[in-house]
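Across the two complexes that follow, subunit A remains constant while its partner is subunit B and subsequently subunit C.
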Partner chain A sequence: MKSEELYLSLCEPDNSNHLWRYSPWRKVHPTGKVREIPTNYSHPEIEISLLDGSKVPDSLSIDKEDSPDKKNNFSDPVSMSFIESISRDSKFIFKAKKGTILEQPVVLKINTGSANSAINLSLEIGRHCEFELITLIVGKPDWFGLLRKGKIGEGSVINDVVVGQMKRGTLLRVDAINIGKDSQVKAGSISSGSDRTKADLRYMMDENGSNLRVLGSILSADKMHIDHHIEIYHYAPETYSRLDWHSACGGKSKTIGTGMLRVSNGSKGADAGQIFHNLLLSDKAEADSIPELEVSEHDVVGCGHGTANGPIDEEQMFYLEARGFSPDDAKDTLIAAFLNTTLSEMGSDKLHQWLAENLQGELRTLTT
Partner chain B sequence: MTDNEAREVVGDYKAGWHDPENSTIRFDAGLSEQVVRDISELKNEPEWMTEMRVKAFKHFDERPMPTWGNMSMLEEIDFESICYYLRSSKATENDWEDVPEDIRNTFDRLGIPDAEQKWLSGVTAQYESEAVYHSIREDLEKQGVIFLDMDSGLREHEELVKKWFCSVVPYSDNKFSALNTAVWSGGSFIYVPKGVHVELPVQAYFRINAKNMGQFERTLIIADEGSSIHYVEGCTAPTYSTDSLHSAVVELVALPGAHIRYSTVQNWSANVYNLVTKRGIAHEKAKIEWVDGNIGSKLTMKYPSVILKGEGSHAEVISVAYSGSGQHQDAGAKIHHLASNTTSKILSKSISKDGGRGSYRGQVTVSPKAENCKLNVVCDALILDENSRSDTYPTMEVANPTARCEHEASVSKVSDNQLFYLMSRGHSEEEALALIVNGFFEPFTRELPMEYAVELNKLMALEMEGSIG
Partner chain C sequence: MTNNNYNPLLIYQANKHLFKRGDVHERLGINMSNDSELLKIQDLYACIDDTSILKGINLEIKPGEIHAIMGRNGSGKTTTANIIMGHPDYEVESGTVELNGKDLLEMETWERAREGVFLSFQYPQAVPGLQVGNFLRKSVAATLGEEAAKGKEFRNKLKESMKELDIPSSFLGRYVNDGFSGGEKKRFEILQLMLMKPKLAILDETDSGLDIDGIRTVAKGINAAIRGTESGALIITHYSRILEHVKPDKIHVLISGKIVKTGGPDLALELEEKGYDWLEGKSES
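Here is the complex of A and B:
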């Protein structure tokens, strides 16, 4: 079935489904008319380079793709088929040949411009690759959709960070990534832009020994509505995952973090955990967390989750102010430190430095 | 169903026998507006109650089944095959000897009158749709404590019932609260006057005896300013091959400074759907505690809730669930912090075994105006074999920056180290497992009256039999 047909055959999702509970599909859909599939969307610009500005080696490529969409059984069909339907002319494949090892992080910059658009990006990362990938989304559209699906090959070590810095509008982001045997993946999300973000990030660990860390540093202000849903599937023995999500919300913004850890029967030795931390910065801000667990295997190392919400610690504020920080500077420093807890885990020192500088700029803009 | 067949279905369920059905009134199976009006007429109720029942029935009829939880099990409920009213005795008796002999024997076997003499302030025993026995200690009655079955409560204290009935759980709250409001019968009505402390617990015992029976008791407890009460309920049913439905509504009102503790040991047989709405409102500095044990039933969906409406109020929910073969215990808690300086604590423990499924489903909210709230949620689950499952679905919605909220959950198996430690001290593997399980449930059992705690430990030991190997 073609994506358009699939999308139109589906019912509007019910809000009892946690994925759509806080951001109903009709509010995420670009026109709000859910039976409508917009046409003639523009093509965002894509650039790829290394972090120092140099060209990427030949073992990496990004090309247009014409082959039919591959389906998987762990994505939400509504959002996936919708992005596939509207991104017919913006379908790309990112390939990393077997054994690609890079010192410098790779930057994939997507500039949406000011028109609505969507990208359907397949990731094909070969076996035993080692590199870091930053996907940076900038622009001022009303609506942008990013679908990333694919596989990280056996034994690869990949740090994959997506930075959402659209100045306005709605960002719909859908990830569906298979984590290969014995691979080690860090999947980072940094969100500090767009009025509304709806992200549905899913990771399938159906091969033995894979290791996944999912990290989030979310900063919201004004009237932003930032909703991340993360599902991790342990469908093979000896798989390990940790989800660590830090959200700082100010203004009248709302952040939502919903997580689902599924451990299937037979995934012996699985070790899964998820933690959501929320820092509330203003009276009008709201943070919602739903960390869910479904465990069908008893022989696990452990499966757990936790959430913690709280304001900025007064003692920490006092400590910094006693050392000469103004209240605003002390507050900014503590917010930055809170977000840095997960930011610093996303990759190498080079990657971290770039992310920290980038986020510091955003922090200044959003909190002043 | 023969005894052996029954045993295969429910294992060693102790309360699975049934007595011959000697009903004095039995409605035909099926639900309609006429059935609802007939129940009301039979009870000679005031018009406002009849109208409320009818409105609730219409709401039930129009409202779809929940689109969450174990939908496949819910879809199996055949509302048309259920009997919505069955009375086995002519009246509610105050003297145990006046209760019909067959019913008396049932409760004797469950140990109810014995318990009353030893450690209770009052007892209500409900058999099918109606309370068959009711008593309260004289000294409490003199202090103005009202402890009646709900039907008598409506007759004798209509104004009080009218004021509070449906005030905590409106009939439109969910499909099953609508069903209960439409066809409720029995349950307890309690009013504790200002400043009165009921030292010993009061107890209600609910028994379903007939096949395809629906039990819809309604309980309303009002604790006036500065008073306190501990209410304990227990439930059992016989083992049949067809399903029964238990859909109760419990409303608690803790006025300023009052304290209500509501303890439940639910041990329905494995053919009972247990779909219950329990909610309390806590006013200034009041305290509501739900102590909730779920051992039996086919499907339980129960999320005791507290609305912390008054400043400085406190809520606690301690729950345990055991899910055996074919069982799904979908239990949890909901707490809404609407006022400042309110605190709450949820502790949930579950064990899944022999293919059973245990789910914790919880919701905690802090409203924008509720300053300085503190809440803590802990969920622990044990999975004892490879066919069982445990889920956790917690929701935390915080809209005030001064709130301090914590949630943690873990799912694990019984530790080999603990088993080895106990076995090296002379326990068999089975005994060791039972001890570990009792230890796992200990935070719950220590909150129960001693007799219930002992009973629960025995029940759990029975459930654990044969779980090794």
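Here is the complex of A and C:
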């Protein structure tokens, strides 16, 4: 079935669905008319380079893709088929050949411009690759959709960070990534833009020994509505995952984090945990975190979840002010520190430095 | 009044209730303070949540002097430190606290820090995500100016101070007080003291939880930061051990929010021997 047909065959998802509880599909859909599939969406600019500005090696490529969309059994069909339907002319494949090892992070920059658009991006990362990938989204559209699906090959060590910095509008982001056998993946999300973000991030660990860390550093301000849903599937033995999500919520913004850990029967030795931390920066900001577990295997190392909300710690403020920080500096420093605890775990020092500088700039913009 | 009779000092004295003292000093270009006192606390009464804690503290520290306050738990030692630093939970009911003649109680905490007050915390706060190196640079820039936190001189001072305190260079990459042992926290406080070169250092139970070697190291840092300078220090402690290494000029005994006895270094030994009971009910006034 083609993606358009699939989309139109589906009912509008119910709000009781964990995924759509806080951001109903009609609010995420570009026109709000859920039976509509917009046409003639523009093509965002897509550029690839290394972080130091140099060209990527031949072992990496990004090309237009024409082959039919591959389906998987762990994605939400509504958002996935919708982005596939509207991005027929913006379908790309990012390939990393077996054994690609890079010191410099790779930057995949997507500039949406000011027109509505979407990208359907397949990731094919071969076996035994080692590199860091930053997907940076910038622009000022009313609406942008990004679908990333694919596989990280056996034995690879990949730090995959998506940075959302659209200045306005709605961002719909859908990830569906298979984590290969014995691979080690850090999947980072940094969000400091978009009036509305709806992200549905799913990771399938159906091969033995894979190791996944999902990390979020989210900054919301004004009237932003930032909703991330993360699902991690442990469908093979000896799989390990940790989700650590930090959201700093200011203004009248609303930040949502929903997590679902699924451990199937037979995933012996699985070790999974998720925790959400929310830092409330104003009385009118709201943060909801709902971690959930579905564990069907008894022989696991551990499965846990938790959530913690709170304002800026007054004793930390006093400590910094006693060192001469003005109240504004102290507050900015504590917000940056809070977000940095997850940011610093996303990859190498080089990657971290770039992310921290980038986020510091956003912090100044959003908190002044 | 003609110009010939214009005397800013008299005008100030007649109207001082209308001004903040520091403003007037600066505007008139005169020094009204008794410059022989670095810290001057007079008739200080303070409370927390309507519970009176300090009941008339008087204390004067001159430049270059080190004083110690000793007393039982709950006697008001930490409250005194917090009041001087401006902790928002404490309320000053009456009295004055001046640093070089400037009214500290009129200042916010960060202004006091920039004026030269440093508090070594009894329980330093952990700030996960904030790297030690970054924090030190920012603290020095905030209190001593941007230039002081840059360049070779700062790096050398940092390196030298860390060496003196037996702090490895890997420390700079850690997060502030996050996962630090008790001893590491106290040494980190002293490292900040050495870098920030305050006019007045208040050391709130910096020796608590330290072993003998730790106390020696911390004492070395305090001596390096204060001795031979115009700075002063107020050491708050339960024990005489640290005072063997940092010889105080005066020791004050605080009981139930009042200084009941002041003496020289030997008073610490007397307290060690006799405890505090013999001082109950006494008043210095």
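The rule is simple: the second predicted complex is superposed on the first by the 368 of 368 C-alpha atoms of A that agree within 3 Å, B and C clash if a C-alpha of one lies under 4 Å from a C-alpha of the other, contacts with A are read in each partner's own complex, and residues count from 1 in each chain.
The working rule: contacts are C-beta pairs under 8 Å (C-beta built on N, C-alpha and C of every residue); 3 or more make two chains touch, one makes a residue touch a chain.
For clarity, every value in this text was computed on a predicted model and none was experimentally measured.
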{"item": "Clash or fit, subunit B versus subunit C on superposed subunit A", "value": "fit"}
{"item": "Touching partner for A:Gly310 - first (subunit B), second (subunit C), both, neither", "value": "first"}
{"item": "Touching partner for A:Leu339 - first (subunit B), second (subunit C), both, neither", "value": "second"}
{"item": "First, second, both or neither for A:Pro291, with subunit B first and subunit C second", "value": "first"}
{"item": "Subunit A residues touched by each partner, larger count belonging to subunit B or subunit C", "value": "B"}
{"item": "First (subunit B), second (subunit C), both or neither touched by A:Ile101", "value": "neither"}
{"item": "First (subunit B), second (subunit C), both or neither touched by A:Phe325", "value": "second"}
{"item": "Lowest inter-chain C-alpha distance for subunit C and subunit B in the superposed arrangement, angstrom", "value": "16"}
{"item": "Overlap of the subunit B and subunit C footprints on subunit A, listed as residue numbers", "value": "none"}
{"item": "Touching residues (chain side subunit A, partner subunit B) in the complex", "value": "14, 16, 18, 265, 278, 280-300, 302-311"}
{"item": "Touching residues (chain side subunit A, partner subunit C) in the complex", "value": "313-316, 318-327, 329-330, 333-334, 336-341, 344"}
{"item": "Contact footprint of subunit A on subunit B as seen in their complex", "value": "66-68, 368, 381, 383-413"}
{"item": "Interface residues, subunit C side, partner subunit A - complex", "value": "85-88, 108-110, 112-114, 118-119, 121, 124-125, 127-130, 135, 138-139, 142-143, 175, 192, 196"}
